[in-house]
Amino acid sequence: MARFLIRRLLQMVLVVFVLSVMLFLWLRALPGGTVSAILGERATPETRAALTKALGLDEPIWVQYGKFLWRALHGDFGTSTRVLPGADALDIFLTRLPATIELSAFALVFAVALGIPLGYVAARRANSPVDSGLVILSLVGVAVPVFFLAFFLKYQFAVDHNWFPVSGRQDNLSCTRITNFFVLDGLLTRELDCSASALKHLVLPSIALGTIPFAVIFRITRASVLDVLGEDYVRTAESKGLTARVVRGRHVLRNAMLPVVTTIGLQTGLLLAGAVLTEKVFNWGGIGNALADAFQYRDYSVLQILILAAALIYVVINLLVDISYAIIDPRVRTR
Amino acid sequence: MTATATTPGSSRHGDEPLLSVRDLRVTFTRQGEDPFTAVDGVSFDVRPGQTVGLVGESGCGKSVTSLAIMGLLPARGNRVEGTATFEGTDLLTLAKDKMRDRRGRDIAMIFQDPLSSLNPVVPIGRQVTEVLERHKSMSRKAATPVARELLDRVGIPDPDRRLTDYPHQLSGGMRQRALIAMALACEPRLLIADEPTTALDVTIQAQILGLLKELVTESGTALVMITHDLGVVAGLCDEVNVLYGGRIVERGRRHELFASPRHPYTTGLLASIPRLDGARGAPLTPIPGSVADNLPWEHACAFAPRCSQPVDRCTEQSPELEHDDGGRALRCFNPVEATS
Amino acid sequence: MTPANPMTRRKDRIDDLAATAGSDRAAAVREAGSVDEKPGVSLIASAWQRLRRSPVFLIGAAITLVFVVLALVSPLIAPHDPAANLLLDQVRPQSNPIPGPQPGYPLGADDVGRDLLSRLLVGSQQTLIVGVFATIFGLTGGMTLGILAGAFGGWVDSLVMRIVDVLLSIPSLLLAFSIAALATRPSQLTVIIAVAAVQVPIFARLLRGSMLAQRHSDHVLAARALGVTERAVVFRHMLPNSLGPVIVQSTLVLAVSIIDAAALSFLGLGNPNDRQPEWGQMLGRAQPFIYDNPHLAVYPALCIIVVALGFTLMGESLREALDPKTRR
Amino acid sequence: MTLKRTAPLVLLTAAALSMTACAESQRDDSGGSGGGSADSNVKDTFTFGAAGAPELFDPLYATDGETFRVTRQIHSGLLGIKPGTADIQPELAESWEPSDDGLSWTFNLRQGVKFSDGTDFNAEAVCYNLDRMYNQKGAGQTAAEYWTYFFGTFSDDPENSLYKSCEAKDANTAVVDITRTTSSFPTILSLASFAIQSPKALEEGDANNVKAQGEGFTYPDYSMNPVGVGPYKLASYDEANKTVNLVANENWYGEAPKTKNLVFKIIPDESTRRQELQAGSIDGYDLPNPVDWKGLKDAGNNVEIRDAFNVLYIGLNPERNPKLKDLKVRQAIAYATNRDQMVKTQLPEGAAVASQFIPPAVSGYNESIQPYAYDPEKAKQLLQEAGAEGMTLKFAFPTEVSRPYMPDPQKIHAAFTKDLQAVGIKVQEVSKPWNGGYLDDVSANGAYDAWLLGWTGDYNAADNFLGTFFSSPKTNDFHTNVLPWGQQLSDDLKKADAIVDEDERATAYQDLNQQIVEKYLPAIPVSHSPPALVVSDKVEGLVPSPLTAETFDTVTVQK
């Protein structure tokens, strides 16, 4: 296990390093850039030159990268030029992260709470109308473009009927901020209306964001339950005359859950890193949205840290999944 | 049909049959494929303490027979006819939950592949105790020592450690022993062993067979041994049923059958196993072809295409299973001459 | 599925698929109860058996068929030129931003007076093109990498897979987004490339997985034993048996790329030239009107959903049919 | 779908509602937030949907409208802008006097004014501020973009700086010396960037300590704790929830704001802003998309249309495409493009085809000029005469952007492309993201023959338009240096700008406008398009400003 961990960690470092290089080159290869983003119509050759120099963008690329790497290793990922000018890019990431985590968490709850039970039902009734129905349903979930779904939900439940707020994370209630997890903060500070407001804001985005994970989890659950149902040890369990409950619980589900856990982990990674569309539609103050802004304004520092962080989160979660996998599955644990 | 199917040899085992299978027919009706009859009018008896063998190549329907008796065939996609009377009750028509109560308590089963037959994520001990908890309504705590005892009895060294081990940590032989321990946990009266040794290497095979033999004799459990390997049968069974293409083609007591096999298929099987007492350098003669080339039993002898001595009738009408008073039965138009 | 092979957890659907190829023979054997001479055939045959009766597959196939036919004939049946601003004179940003339905224009027009129905019909064409080419590009890219890795193993393998890992470590949409952004002159092609690039690492991993699964399978070993050249082994023995999962993945990718293309133009990274209508682009462009004239967004969205659903239904049922595990 | 959705929906709603229930009770005794307003049927908070986050609150370093919209509420300049117009009016200075040579300006300051931190506003404060701007160093100079643009240089390069010095005659009299006469001064002092801030706060906040770091600037504490003279002061900036909270400044000299709290909710997406307004969670927002105006009005909101103070033009680069050196060709393009139809079908009501490069509101506008008519035949003929039939034109437009003068560049471009092709010009269509290098290609790289761009005036002076466009022929976008009259025009513009007398200057510009359109036509003026801003029917007292320089202290919001 230890050796495996070390190997994985090294691999992670490698991946992230290579990525940082690619990323850096990518940013510089982008048409336009910070300077014209800041100056707009007002740009004159002089101001442009001055700004370019001030931002150190006139130096050769490898020098720039070297500087970036050096600063990054000291925890300095540069300053935002446009998303929140003057703010430390790292801080921006850290203030935005909780928003994204909060959203992802709720989306995941939604996906799991529906995906696993339905997946199990579908598998038990494999090839029955119920099954086909559920499968198609889940696939519809995949086929709907996320942002359209988001629009649709917003339109239906926020604009037409005023059931839920249109966008944002919370009404302007002058809430105390501790962790920037609004629901949590509300509970911690006993400002329950803050939590409530945050919850109301979470409903629609979570559903929009949770639909694809739901579909995936549903399908994996179904598939792996199907597999396990056909396994010899299930037959053995039956041959022992165990009650249906025990057979399902101890022998079927427990084995079927292995790949499902994996998938859930994977999805978590994807959610945390890739909620751009949903966050944009619901004007959610999270990483995805920041990415979109940073991109629109060519805010290099912010783009850099956000994408790197996204990748890092992603890889770390993969690692965690593997570890948790090892913990659940004795075959792996004792290898 | 049932009338003809009184199994002789009752003289030796006086008491009533523990399990008597009559006219068992299993037809697979998987949607989208033409129905296929895997087991076709199989009848046989098992008496307390007796060991009966079902022999034949893979695909001959022997495993299906056992699963049908245990009620373990998939819920959908098959039709089961006939009766399997166990202590007076027909298992085939028994309610699901009633059947659950009997399984593992009265009738137990051992499967072919010990690894895949054990739940990989549940410790061996737990997998033994759960049977006891279920049928002997013991607490898990109370069941553990019993389980330990069982593991010890089936010859698993250092049982205390093994209780907490997972299947993948055991050797093939030990896994099979563990399975046996689970099967025998509630001293069932009937044990069905489906190819218990095929997945193991030869030396282990011998041990496991020895173990089985020992256990059944001391506990008086009746045993149905399902195998493709006459060698196994030779060491173990009182009575042997040879299946081909879902039907019994020959039946007889072990020594008789081995001494003078009548059905060409049986002779084929015998000829294809190496024997220490065989003449040195005597060639092994395998049976040509495969079950794929079967003819339909309805209007021919399914074995005809592979038969060493077919006659015209074999391909024109279906042979019946004919019993002689010596407790033997045979389904063949042109049997091998008795060598005696 | 053990951590010994790090990134497996990444998209285990991929590896699931991959596995099926390797276990085909085993499955065939288990099925027939006897050694089957030519696994591939019986596999496809029995797969087809199942598919013919699977409602899921039939629905998918039907949708796809209609879509492809439509894409081919739409220019002929479209009532108007999708690029002509026929109703432009009716357009008034305040009073009448979107000309409504009227004789000859059953769905009305878009914000610059182009017949909506015609655009939807003809849109199927570009949409199909995006889907198909994105898939082809992704496939070829993935194949090259996958074959390199899967065929030669060793350092080639680990090198290629590290690259793949890096690509996979970026969430797919983000990757598409980033690549599209590089285009100094955004166009349909750049969109296709961006969408395809996301699929390359997936295909690569998929192929590599299934080919590794086969490296040690009997027929490959046999071929080697017979002294068949490595090249022949790869292309004649390993590749063909890896195709099943690849086909499945491809059908799924067709759907994904159409959706991703829509996402790109939603983010303003789509093809700016909208004379050749494409559903994703139409949907993306409908944003400003979604409030007062939702139909402008809803129609293309529905088209996309239905078509994507069609492909996905096909892909999923194909996968199930080809997967021996689900055959009991 | 429904099955899948409703379940958790119900759950969460239930949870949420139940929580609000118990929460409200708990809120009540806590007395609720604010609630100072006397009138009971009026809300004490006005929430405005902002399109972007403010960069910072020290206007000197600010560059974009969203920031100025906020700083304008908390800061004031020496000069203000008359509500509803583009004209200047007294603000912190009650009156001002130029010396005869127009190089020395005396400002008589309003008395009894305090900054929001309670310190006094006086002549020292004024000079402190102006000198502070003038003495920017290093990164500060680059960051103080508006100063660079309007005053040229800083104390380390006095020759090229418009600003010379400031002297506090007495507590209420400040004298500002400049290096040359220009129509822009003192008008530019009305720009939000040059607001007067509290010297004490500037000192304590280390306000000038701007550093270039990584790829950006870091700003001192002050930039987040501004102290100025304005109806409101900054209460909090909730970055996590993307809201800026302002509260009435009790130290303000004017009458207290009608609404105590002013909230800017940052909602970048235009359609979301609209939905928020519809849902009642904001009371108004800026720059509604023209296609939404109708819907908004139908829903009972007030769409306040400002006077157009901008111009959209088709830029031309004769250096890149020599054919464009011929006036006939440039005129052909003007005749070929159906600008009238474009304006009707794409621009909001109140928009008009531009006959010249400055909007009517600007002094110096020439009523008599008629825009080039839409006349394809004439265009073809001119092309023929110029021997330019079938010429190719690399015609560009920006993506990922919407400006007041061009709501949807792609659509405008598409329309004109059709027109140009109709007269036999081969159009090579190019596009680039607005922030993705479009402006670089237009200005620095001169990569296009023709392009769409425009300008929104900063203040009411023709020079702010014409000077920006056509002065400095070597570097301007239109490469007028390759045209025979390029230098001439530049000089004329400078001369006109230097005229001190208002009317004289106006006439000079009227003539220039005539020449530019009829004799030179360096680019094709297309349209003036009025930006709007929308508020719910509950909002009263908001006066739209052509310069988008609204102050919200006069706004009331009905319950």
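Going by the order they are written in, the chains are A, B, C and D; count residues from 1 in each one.
Definition applied: contacts are C-beta pairs under 8 Å (C-beta built on N, C-alpha and C of every residue); 3 or more make two chains touch, one makes a residue touch a chain.
Note that the coordinates shown come from a computational prediction; the quantities given were computed from them, not determined experimentally.
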> What are the chains that subunit C and subunit D both touch?
Replying inline: A
> Nearest chain to the global Cα centroid?
Replying inline: A
>> As a quick test, compute the distance in whole Å between the mean CA positions of subunit B and subunit C.
In response: 50
> Between subunit A and subunit C, what's the gap in Å when you average each chain's C-alpha atoms?
Replying inline: 23
>> Please tell me the distance, in whole Å, between the geometric centres of subunit B and subunit D computed from their C-alpha atoms.
In response: 90
>> I'd like to verify one number: the distance from the centre of subunit A to the centre of subunit B, where each centre is the average of its C-alpha atoms, in whole angstrom.
In response: 54
> At which residue positions does subunit C touch at least two other chains?
Replying inline: 181, 184, 290-291, 328
> Which subunit D residues touch at least two other chains?
Replying inline: 275, 278, 400, 432-433, 436-437
>> Which stretch or stretches of subunit C touch subunit A in the complex?
In response: 1-4, 6-7, 9-13, 16, 55-56, 59, 162, 165-166, 169-174, 177-178, 181-182, 184, 255, 259, 262-263, 266-267, 280, 283, 290-291, 294, 297, 301, 304-306, 308-309, 312-313, 316, 325-326, 328
> Which part of subunit C faces subunit D closely enough to touch in the complex?
Replying inline: 85, 88-89, 91-95, 97-98, 111-113, 181, 184-186, 268, 272-275, 287-292
>> Quick check: in the complex, which residue numbers of subunit D touch subunit A?
In response: 1, 3-5, 7-9, 12-13, 15-17, 19-20, 22-24, 26-27, 33, 47, 53, 55-56, 63-64, 138-139, 141-142, 145, 148-149, 212-219, 223, 236, 238-243, 245, 263, 265, 267-269, 272, 275-276, 278-281, 400, 432-433, 435-440, 443-444, 453-455, 475
>> Which stretch or stretches of subunit A touch subunit B in the complex?
In response: 231-233, 235-244, 246, 250-251, 254-255, 258, 328-331, 334
> Inside the complex, what are the residues of subunit A that reach subunit D?
Replying inline: 30-34, 36-48, 50-51, 54-57, 68, 71, 76-86, 88-89, 95, 98-99, 109-110, 113-114, 137, 140-141, 154-155, 157-159, 162-175, 177, 180, 182, 190-197, 199-200, 202-203, 206-207, 211, 214, 280-283, 285, 293, 296-301
